[in-house]
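Presented below are the structures under discussion, each in the form of structure tokens.
Heads up, the next two complexes both have chain A, just with different partners, chain B and then chain C.
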Partner chain A sequence: MSVSPLSPLVSASLARASGDPDWLAAARAAGLERYAKGGLPSRAEHLWRYTDPVRLVPGSAPSDPETRFGDLPPDFADGTFERASAYAIARDGVLLRAAVDPLIAHLGFLVEDLRAAAASRRALVEPRLFALRDTCDGAGGRFDDLAAALFTGGTFVHVPRGVTLDRPVRIAHRVGGGFAASRSLVVAEAQCTATVVIDLSSAAETDAGTLHETIEIHVGRGAELRVVFVQRLGDRATHAPVVRSRVERDGVLDTVTVALGGGLVKSLQTVELAEPGARANALGIVFADGRRHLDHHTFLDHAAPSTSSDLDYRAAVAGRSRSSFTGRLRIPAAGARSSAHQSNRNLVLADTARADAIPELEILTNDVSCSHAVATSPIDEEQLHFAMTRGLSPADARKLIVLGFFEPALEKIPPGMLADGVREVLERKLGAAS
Partner chain B sequence: MTERRLCAAADLPPGAVRVFEVGPWSLAAARVANAVHVVENRCSHDDGPLGAGRLVEGASGSAEIECPRHGARFELATGRASRMPAVSPIERFPARVSGDDVLVDIPEDA
Partner chain C sequence: MTPDNGPTPAETAAAERTASEARDIGGDYDRKYGFHDDESAYDFKSKKGLDHAIVEMISRYKKEPEWMRERRHAALDVFLAKPMPRWGNSKLLDDIDFANIHYYVRASERQGKTWEEVPEQVKKTFDRLGIPEAERKFLAGVTAQYESEVVYHSIREDLDKLGVVFTDMDTGLREHEEIVRRHWGTVIPSEDNKFSALNTAVWSGGSFVYVPKGVKVEIPLQAYFRINTENMGQFERTLIIADEGSQVHYIEGCTAPTYSSDSLHSAVVELIAMPGSKIRYTTIQNWSKNVYNLVTKRAVAHAGARVEWIDGNLGSKLTMKYPAVYLVGERAHAEILSVAFSGKDQHQDAGSKVVHVAPNTTSVVTSKSISKDGGRGTYRGLVKVHKGAKGAKVNVKCDALILDAASRSDTYPTMEVDEKKVAVEHEATVSKVGDEQLFFLMSRGLTEEEATLLIVNGFIEPFTKELPMEYAVELNRLIQLEMEGSVG
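And now, the complex of A and B:
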């Protein structure tokens, strides 16, 4: 694969911008310019140590998005709203349909296409879209810029001040075999409470598409937002997600990231705790089998005093797969009286699989409470033995132990949504891997 | 396994190392005398880009490739790690020159 010439990307960006308001077209152009000027990150840079950035460079211009979604996920009860406050489906980055429970539509929360919202709700969108590009040192910005220039669409979720959504917003996103770029914006205004559940899958298991995806999350003062990402792409898909978040005074952001698929995944998640009292809890589970290469980077920036964070990423690797986790935690002098905990645990299920863990703690003040932990090991023989003395076969004992290892994150997925599907996928993969 | 064309034989002169992206694989191909070797472009120690490394002669006279990152070496004919810091072998793929082409066998599940 060679680095593609820029000209098809320029024309694609211009074509995408043709229906956009001027400010968005200008932002696309700026993104493309930065992408073109930036140069590829060097393999010597630590974030690209394990993943060659060349493999994320699109070989062609974005393909035209498919307009049919296919079968809906099993937990998707579009139209009945028993489990969700709103449903949305997206294909290749474009929102195809979105519906809000009519009984609570008067609350004024929005789930709609981002590009349409950019045109019709400029006051809500413009101040926030792209606003997090330079937070957390602009880490990973190059491919974020690419997604800015080329995004075909995405979801805009807006929860107004003081509104509590008792059921999650459920979004399903499916990608095909081409190159797609998407961008979504989630805004939780002050004092609101909401949960957003997004799952990403391939239209066909053999689709070898590439998705560059940026999601920007704004958590307002005193707001509580939980966002659940479940990635179940096919074996050949490439996924480069960039999730950037900013949390204001006394706001709480809970994220649950589940990565089960994709042949090559390079994920970046940043959180800026921008004002005192802001809190972030980030749980992640990664299961890699076959020849998957999953590379996750997190960056938590305690930019204000008395902020707190708790990050727990867990990976299980089987077959000849790879998982890399690089977790950066920064507490500058301005972040005094903050507390932070970071842990990364890896279960290695095969001699040919590998997990790399690199915690990076940059603590520039003494007035903090910080801890971190990293562990990498095969399944404990004693645990296996104990489970087998209870009558389980070795394969079932392994399944039980791995599922138990992931359970703290799975418990955070809203009831009736995806958790059972994730367990099924894990059980199937573990059955095949053992 | 599927045998596929990697490049023209003329594009891989003796003593050269080149990198090819084939589906999900990044491969390093080298030609030593008349033999063509194809290995994964990834050091088993720290994922260094082997294809950017140089060809060297090992202690036993075998052709080896040296990782540019930390100097680990691998025997091209077997994939065996012959020098620290790498200890695990790298994957290698059967390759041959057929007429004007270099052909390589890649596993189906790739």
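And now, the complex of A and C:
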């Protein structure tokens, strides 16, 4: 299948590259070449079974990013670092402003514009940027290549060895009505502990923009990193995130993925457990209403022995929406003595909604403990009955049950960081859906 | 070592006897099953390769009605137009050389009516497969497919009296053309996939079963299929219709001689369960390990009907088989129980499909897979609940046992739920033989090999207990044979 207009993409890529160091400009060119050469992903693969990749192909070059963020979120506006160790605000993929709590600035952790860092901190950035493209079979690499060629900007987060950040790094990212490509890099060096919260929203509820973004996450030896993604885009937005992670010896990566918005979302998250003892915990909550099409794919690769993973994705579908979860779990011959568990639960709230699940296991060795489970059902009548006998209205009882269904993931969002905001959004949506 | 607790000479002798018997099960495979007939005795054998001329010849040779001849030709066009599937084991699929296959071989001109009339050479084959014994065991009827055509079948008189039709597909087409024409290809159209198109174009043999309203066939109907000529494809076509309120159990089992070059088996099996009826279809395939077994099996279950697929996969190089049930009538029920054993150089890509179309339909899928010596076992399944199938309940459970580090197990389940008031559950586990289980059994005096065999047999117990006695015994012996030398 051909790729629609390539020439504007070429010139855009060249224009972007003009301000970049040579190595980055070369990487952009290579990305563009791979994007142009490769065909669209095969729909015979489960990864693309439920979403036509053609819908994600941009028809034009990225639009010029807005330079104003709009109203800042309240905890940014007051300018204190009570609840965050650093703030960053980004618009259409470009970092507009970033600030680190001055009291802990001496720890040396960085929250910066990625392209600036590529020039000024080459030793930190170059070995890691694009390094994860081919992990996990390069799944979905094509759109990753596009973002490599075109990205206008992004955030670089670097937590030095042994540093513990007691409060999260909070990034607010807002996109408008155009096509934006962004790329971020999160590096947790050995033995550090940190949390990063990325809050993605639309500038206006009616914005029909498209965001291609790639986020690369490196978890060093013994490091513990938690990354929380909260996506509450407008109903007409298209979002194609690729999140690639690699975890080294005894490192732990916790991800919490919350998807509440967007008209069309095709999310790909891969984790390579690259060294013994590495662990990944992945929680996901998806609430689909209206006519949303939310498609989440995860790929966990136990590339080293004695690695472990636990994945729990939960979706509630209402209205005429559709949620798809396709999860792949691989234990190659090199992954002996690994343990891997995957579960996907779907709550169907409307007759017109739809939930699809394909949890795949590929196990190439015998000394493992591995399982997966999927369940799809409406709200349990007995639970509903029980709540109503305690005096709750049917609508409140439903709300309570759905919020309870999501609570295990909501609990993992750091206190004061959006969890209440997410609950509020859910309650509002549930009020409208019931 | 405690000499005073050692085995007595009698015990040692008994153990040796058992061991030599166990060895015999595999040791005489060539002698028992791997024989070749003198092919020059065959009456008719098409040239290799596939084109409209071959299809025309098959149809004319069989003196088929016009509509069947047209369907064959149309299906051939579909087969030629459809690309090879790009999913599954593409590498093995791409190795199939369709030009190097005999599409039709006929062993003898005439069908034997009684055992005595069956040609001596054919008889010898069946003797080795134990068919006459099976008959002695009060089996309902024997339709044995020798090469591409049924040469012998007998139906017990009481079945005749009940009006049950149990015959080969070619005879079915001749004698019951109206029924066949109404139902044939309605469950699996030739356009369904490349291999159903191939089968429709060149089908030969298979069984035709019709059970009239309210008739309950108490004893299982059995058929044996054999591949004999090298490079010969078998394309049998089976159609089973259970009319309202009837019941039938059909058993298909396979053994095949060992040949060096590849052979293709691509059957189409259609089951139609009318309201309130029950069909159970039991298969154990043990094709030799150079056979491609690419089969389309599908059932339609009407209101209150029950369809059960009991599916065992031991042989073949590559099996791709996903028995399906379309639950189109209210309260229809599907049960799919399968076991797959993948040994060296084998890929068992098996699974199930249940499609819930009507309200209050239910299905239970249980899959057990064992991989050993680098074998690959794949469960590939689909659960689809259409809008309107309110109250549907689905339970899928897949367990895989991997016996060594070189082997592989995959689980690819797909669940599409388009309706709110349903309960869909899927669970899968992958594990090795548990150290604690082994320890427990070995502390009771079993050797590691015996303990492993016991655990494996226990693992597939839900399957074996659904089989008729003689099949359960045969399966356990086959598993024992496959397991030999698994510890060391």
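What to note about this one:
Going forward, the second predicted complex is superposed on the first by the 426 of 434 C-alpha atoms of A that agree within 3 Å, B and C clash if a C-alpha of one lies under 4 Å from a C-alpha of the other, contacts with A are read in each partner's own complex, and residues count from 1 in each chain.
Quick note on the criterion: a contact is a pair of C-beta atoms (placed from the backbone, for glycine too) under 8 Å apart; a residue touches a chain by one contact, two chains touch by 3 or more.
Just so you know, these numbers come straight off a predicted model, no measurement behind them.
Put simply, more of the residues of chain A are touched by C, taking chain B and chain C as the two choices.
Using the contact criterion defined above for the overlaid structures, shared-chain residue A:Leu253 touches neither chain B nor chain C, since it reaches no partner.
When both complexes are overlaid on chain A, the residue A:Ala375 reaches chain C alone and has no touch with chain B.
Of the two partner chains, chain B is the only one that A:Gly263 touches; chain C does not reach it.
Contact with chain C, but none with chain B, is seen for A:Ala336 once the two complexes are overlaid on the shared chain. Note: residues 49, 356 of chain A belong to the chain B contact set and to the chain C contact set alike, using the contact criterion stated above.
Residues of chain C that touch chain A in their complex: 85-87, 387, 400, 402-432.
Residues of chain A that touch chain B in their complex: 1, 43, 49-50, 52, 54-55, 208, 236, 263-264, 290-291, 322, 356.
Those residues of chain B that touch chain A in the complex are listed here as 21, 23-24, 26, 46-49, 109-110. Residues 42, 44-46, 49, 333, 336, 346, 348-378 of chain A are the ones that touch chain C when the two sit in their complex.
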